[in-house]
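See structure below.
Naming follows writing order (A, B, C, D, E and F), and every chain is counted from residue 1.
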Amino acid sequence: MKKNWLQKPEWSWNQTEGQPTYVHHWVQPLDKFAESPDLILYGAPISRSSISVSGASLYPTEFRKMWKGYATYNLDEDIDLTSIRVGDAGDVAMHTTDILLSHRRIQESTQALAADYPNALTCMIGGDHSTTACAVRGVKDAHPEETIGILQLDTHLDVRDPAELGPANGTPIRQLIDGNAVKGENVINIGLHGYFNAKPLVDYAKEHKIQMVTLKQARKDGVVKTIQDALERLAKQVDRIYVTVDMDVLDISVAPGVPASTPGGLTAIELFDALLEIGKNTAVRHIDFVCLDPSKDTNVAETVKTGVYAWLQFVTGFACHSNQK
Amino acid sequence: MKKNWLQKPEWSWNQTEGQPTYVHHWVQPLDKFAESPDLILYGAPISRSSISVSGASLYPTEFRKMWKGYATYNLDEDIDLTSIRVGDAGDVAMHTTDILLSHRRIQESTQALAADYPNALTCMIGGDHSTTACAVRGVKDAHPEETIGILQLDTHLDVRDPAELGPANGTPIRQLIDGNAVKGENVINIGLHGYFNAKPLVDYAKEHKIQMVTLKQARKDGVVKTIQDALERLAKQVDRIYVTVDMDVLDISVAPGVPASTPGGLTAIELFDALLEIGKNTAVRHIDFVCLDPSKDTNVAETVKTGVYAWLQFVTGFACHSNQK
Amino acid sequence: MKKNWLQKPEWSWNQTEGQPTYVHHWVQPLDKFAESPDLILYGAPISRSSISVSGASLYPTEFRKMWKGYATYNLDEDIDLTSIRVGDAGDVAMHTTDILLSHRRIQESTQALAADYPNALTCMIGGDHSTTACAVRGVKDAHPEETIGILQLDTHLDVRDPAELGPANGTPIRQLIDGNAVKGENVINIGLHGYFNAKPLVDYAKEHKIQMVTLKQARKDGVVKTIQDALERLAKQVDRIYVTVDMDVLDISVAPGVPASTPGGLTAIELFDALLEIGKNTAVRHIDFVCLDPSKDTNVAETVKTGVYAWLQFVTGFACHSNQK
Amino acid sequence: MKKNWLQKPEWSWNQTEGQPTYVHHWVQPLDKFAESPDLILYGAPISRSSISVSGASLYPTEFRKMWKGYATYNLDEDIDLTSIRVGDAGDVAMHTTDILLSHRRIQESTQALAADYPNALTCMIGGDHSTTACAVRGVKDAHPEETIGILQLDTHLDVRDPAELGPANGTPIRQLIDGNAVKGENVINIGLHGYFNAKPLVDYAKEHKIQMVTLKQARKDGVVKTIQDALERLAKQVDRIYVTVDMDVLDISVAPGVPASTPGGLTAIELFDALLEIGKNTAVRHIDFVCLDPSKDTNVAETVKTGVYAWLQFVTGFACHSNQK
Amino acid sequence: MKKNWLQKPEWSWNQTEGQPTYVHHWVQPLDKFAESPDLILYGAPISRSSISVSGASLYPTEFRKMWKGYATYNLDEDIDLTSIRVGDAGDVAMHTTDILLSHRRIQESTQALAADYPNALTCMIGGDHSTTACAVRGVKDAHPEETIGILQLDTHLDVRDPAELGPANGTPIRQLIDGNAVKGENVINIGLHGYFNAKPLVDYAKEHKIQMVTLKQARKDGVVKTIQDALERLAKQVDRIYVTVDMDVLDISVAPGVPASTPGGLTAIELFDALLEIGKNTAVRHIDFVCLDPSKDTNVAETVKTGVYAWLQFVTGFACHSNQK
Amino acid sequence: MKKNWLQKPEWSWNQTEGQPTYVHHWVQPLDKFAESPDLILYGAPISRSSISVSGASLYPTEFRKMWKGYATYNLDEDIDLTSIRVGDAGDVAMHTTDILLSHRRIQESTQALAADYPNALTCMIGGDHSTTACAVRGVKDAHPEETIGILQLDTHLDVRDPAELGPANGTPIRQLIDGNAVKGENVINIGLHGYFNAKPLVDYAKEHKIQMVTLKQARKDGVVKTIQDALERLAKQVDRIYVTVDMDVLDISVAPGVPASTPGGLTAIELFDALLEIGKNTAVRHIDFVCLDPSKDTNVAETVKTGVYAWLQFVTGFACHSNQK
């Protein structure tokens, strides 16, 4: 593998005898795998690119700490996730003050993982939403000939102007469209609602044909059905789907640790159902979870716990369709 | 306009060039309008009339601070609120220790606004629920010949005895009924549930024919349908409808900043849907939002954010029917 | 009555003139009753038997403090609970360091109450979940000839191995099954979901024929319907039903004061509906509420308030069927 | 005794066998005493007279709850306080909305206690600082022929204009001076520092010859020495000394539960030493502790604990000189 | 070494190249040492033996996490601690529900360490204060022929009756005196103040000739001087000195994470100076730090940071006299 | 004035009639002054250059909000600050993602202010400590011929290597020394203590002859005396003195809102005395206050209040010597 800036995390993996029963016994360092695992996890711990003060850079570490509380067995689906092999590639090394350099490292690391493990899903744990632009470009670099589509679960369009802000957390989708990495019509945003996108941004989205599905509409049609339809539609338009989950899509009452979460957002249950569905779709090759700031979370870590659960739902979905093979 | 005690608030309006895109660019001081605006906003920052310690007096200021985070564009309804002209009349000046004097000023200020701007909706931001009695009397003073009906979204009946407590926050509806400003049968309370109204208060309500709709019943019939029916029924009985939203109608899990909120209350989504519907009804001429105590809110200001969203839903409803004209 | 270790609590009962309107006027010390009351309440304030640090021992006291905020009148069901006579037996005296001794006292006290007041329902306020094993054994001691069934509302199976942990809070159901107090097939667990039970524990449950109903399934069938069916089924299998409500069955967003609550759990409304139904079932003779740690609750005591509401729903259900008699 | 509005508090006194060892075993209800006790305690739970939102009305109840954690034995002085008889007269009944009426009741209750128990010290637990004006007037009513001096431990002069604010918490000293109850030269304020008194207020104080001792000066001379000198000086000028301790005299780092406390204030140790000295002075006949808002305190109740300690130091001082008699 | 129940902690030691500069590079696992280190650290993570709810069992882990923020270089004394070799023996394995068994393991582990490494200082990180009785008995078991003296920094005497409470956290000194492990006259308690020891406990202490030094007296004589004198006196009476630091000796304003800390306690600076002095004394062979509950600490972990600093001061003192050799 | 990137702040200045009595009436926008004011205030709201997550960028706004609570009159010194004219130049405009650009703007803005107002003191409100390097270079650019000395109140040396971290908050003093803007022997650091500077950093400081004064030494000699001596010594070595106050010099118990504050640090009183002395010294021409993160502060804003007080002490010192002229 080329130089890819990935560093061993403050590690929370523990070898155990026999069949692993908890997540920290099951997920293993990437370099422990002789062959490609099914899913590769890596962290992009940067949030100094955030418009407002953010501690989202702390999420990869807290995410791994919290997974000790989760069993590998899903009772609802009666499925044991240990059939899926998950490799943890560690965190991309971030520079203290050079944001552009840090962003390049995320792009290069994603490219390296996507190129070296073409059969594995990649899952990036942010960091703020600026990391998504880097990761998608990295995927594009690894597969330049393929068309990429984005399914975005988000309260915001994230199409603010990088010419004004630089590559900040409000700009990733616009970076990708303006930079020709992804076409606007290949972006579907589900979760928009209320008063959180200024009109000029909506105008940009319309002009570039971003497919906007409001939460109100999604609830009318059923959230799971909406996700299914969106993935099906997208799968016809593109070669591979990148899913980005901005955790601010969640309602503020279930995501106090996401500063940009809002009233009227997705419930945790809705997100869990959506991710189960997403995991089942074979066109989905990449996913990220961003913008969760553990330093703002409650004393019982409600939001980080929800974040781990969300990720496991995606893996469960993947396990469902893998097991059917 | 007669002396009405309204003072410039700690102001949060900012002039902007071109089309305003955020609430603080759109709402303007009342005295900037040559003609009557469509909606007039004013604060009644008193809560020393509250039975238990309350910081609801801080809400008008926090409400205006928080609206900077809200765009004027509503994505669900695909509507731009800037077509509605909103004038901010400031806050009623409160006396430090003379509660009755403060109450009179709220009454006189409301009368002045209702008389001088007969075509505008008024929207009062409390303060505790004692302010509603003052405001309704002010409306009555401005329109003595008209019959007033009240739609009350509230976990409580607020019919405790002013003879015992004075004009405290638990008494407004009883003040109005006993004072002949409003008849009991012209009051509809939606949101009652659980164990939060002692039997003698329910007996009073029954005796005075207050229409009580429990939350359980409202959910069975559909919250929006319940609101529609209530407004339709009330519109036939009265000349103008005053809506009072005691934020304690919300469930405690979505309204930690409302000390009297309870388990089993309205969800934020239900409240937002209700207010959209209320805004659409042309018989509704006055609204208030009371009992939100920002000093008890979470570190991410969940409840104040919900309060601003709720108000915008009302305005969106109003914009929907205005635009249809 | 035999020695039963019950002590007067930090008392919150206040005599009032005339008809009581609030819970603290209505519930009375057990020794005030000439005849058996309808329902007996007692606390089991122990949590040093908890695997992780817990302040659930503080719940009985906080539960009684908070009930002052609750009226005896239920608006949804239009029913006054004062028709039901509730006797408060106080708290079982706990030893500071001898956990086994404390457990024996809970067992003996439960036995004494169940034997001396055979027509009364018993309601135990924990304490951590280890107390349930003691209480069920106490019931068995009082009624050795009867078969006991358990309806468990819980996110966890609580069948960890007492051989390893001693009689800790993760083990009560296994203590009872292994100790032949209750058969596995007479245990129904509703509320299981997600990733919170390791596979070996699920294997134990399957082996012992514990009836597991996932929350996903319960929601598909309707939570109330699921409860009805479960109670009906159980009532055919056993002589008396003991209901144990581990408050960690609640979703973390509505139960921040239950350290083991999780994302994806029961909503408060679902729990309230379930308890109304449970109260209506005549085979239910005993209930407990455990694992709520007030020291972790929010500043507005959201979880303790939910706990009192939950208990009142059970009493309301009981009042509904009592009144029909 | 005349009607004096004193009500039984949420009581925290517990009879014990043998010699009492904790405060709640030692302090007894006033009506339990056949003869006059040495010290009478009473609460004045009002804070709606406060300029900014305050929960100081909650202090009397929290004060009594917290004293359970305090033994009656003082190790530093090797003295047992049980030799002093303390009677708790309960709390003055406050009206919900009529502040002037509440104030009159405090005045009348103080008058009644001072007249009926002329040999007992009185100790009032506020409440905000407006209560001090009432209490001093009550003392004056009981002893109209005597000259009263005030020793004030305070960061503020509290001489704002009642003509503007009414009898609010910033005005008590001015109320008393302008109302001829106390002369300015008979008021000594110790604890002033920094930037917390606007110049016009200092000008008023100078004009009325209030004796201002800055904290800087007090520390230079020694806090205890400063207190001794002040009391000695005052004792020569007046017939009886009333001490008012505004808890905002404390440094913000030791008094987070006093909203008006400031950086640079008195340390807890300095306050404890001062109160020991004050208790020893025989001219001191009355004391109050005001402006502590338990709802702002830390999760370990640091400020309320400090408040109880402070009161006990005063009692210890009194016990020292009583025992010498 | 005999079986001693010591387990590898959630480890926070990291090997580094070259000279270590931070604590986590410097402290090494005990089994890495070929010869005896100078100081052995071990954790006793139990607090279910605490009278009130306590999370002090979490301290050993938090203590080791936090030391990453501390350099090995002390600027005040211009000394590098890396000259001292510190071995971390891990934590004593605790049973979930059998408190007596857990206590025996602490005793046996201490005995093993004291016997196997006779030239090393031992330093135990609690846990609640019940652990001190176990550790002192363990030392006694290892050195049965020697007389042990105790220097106790504590707000409390901790001589409550084990006959009533079992071996709880309020009883260790009495356990040792009544059990003839230590004589009362060989115990010196420094830090007593205020109202935190009931008179019967003081009577016990006097009867058994415990040397009580109040904080007031210590401050009069100088805290460092008081410590020096106490150690000198004790060194003449006994063969080896065991120092126990109950962190509740600290003032509540600097130790919010110690639930039993009180107003009027030791400042952090005073504690740091005392520990530097203690470290310098060659008769001191054992030390422990107990009763710090990280779950109660502030969001910036003020108390845990103070705890690490305190321990480093002891090591610095030891390094000072070692280097002089 | 040249382009200097200074923007109007969220303004908190209010014109008042007559003599100003509060800080927000007294401090005026810089452009209101016809002649140079005596002191110029400006904000440098950047903290994305901080090694760990920091909200110090929020301090300038919170600083100005909080000063409304401060009178212009200092009681200790009996001095009215309104004799000093203070101009607020606003905040330097920061770029969202380009840290180097933001730093250049701070440098240029400082240069512009220092050049255009040569007779005024400048006072910068940070931001993190990286801003100090920018500001000192700006002063050097304005006065290239003068030698600059630095008095640093800090727990840390801040000489980490910019080659590794870029111009982050741990590096400013090293940037200046390595960049030849300031000589090591012209830097005096007061406040160092404990274990917060790794040995290699101390070695760098010694090598470059930075004058290190430990807090222990300062306390032995007297903090004020230490400051006097340092300024006197420095004044002989250099042409102008720049004072940088890293608020982490404060003890963690008085500065919870400074994440890098430590146990054993400066008390607030010591800092206030030091700043009074610093203000009196005529060689001091520039000062900054950095590293206070309001988002970490307590609910009563203890640290921000301390920050405003600290600044006012500096102004008071300046007023003392100005008035003597």
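Here, contacts are C-beta pairs under 8 Å (C-beta built on N, C-alpha and C of every residue); 3 or more make two chains touch, one makes a residue touch a chain.
Worth saying up front: this structure is predicted, and the values here are computed from it rather than measured.
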Point to revise | Graph distance between chain A and chain D, where chains that touch are linked | key: 2
Practice item. Go through the assembly and pull out the chains touching chain C as well as chain E. Key: none
Point to revise | Option in E-F, A-B or A-F whose residue-number contact pairs overlap C-E by over half | key: A-F
Exercise for review: Please identify which chain has its centre, taken as the mean of its CA atoms, farthest from the centre of chain E.
Suggested key: B
Point to revise | Centre-of-Cα separation between chain E and chain D, whole angstrom | key: 40
**Study point:** Between chain A and chain E, centroid-to-centroid distance (C-alpha), Å
**Key:** 47
**Study point:** Multi-partner residues of chain D (each touching 2 or more other chains)
**Key:** 253
Review point. So how do the chains connect up here, line, ring, star, complete, or something else (other)?
Key: other
Practice item. Just spell out which pairs of chains touch, all of them. Key: A-B, A-C, A-F, B-C, B-D, C-E, D-E, D-F, E-F
Revision key, fill the gap. Listed in rising order, chain A residues that touch chain F in their complex are 47-49, 51, 53-55, 57-58, 95-100, 165-168, 295
Practice item. Would you tell me which residues of chain E are touching chain F in their complex? Key: 19, 21-23, 70-76, 80, 253-254, 268-269, 272, 298-300, 302, 305-306, 309, 312
Check your understanding: Can you name the residues of chain F that touch chain E in the complex?
Key -> 192-200, 202, 212, 214-217, 251-253, 256, 259, 261-264, 296
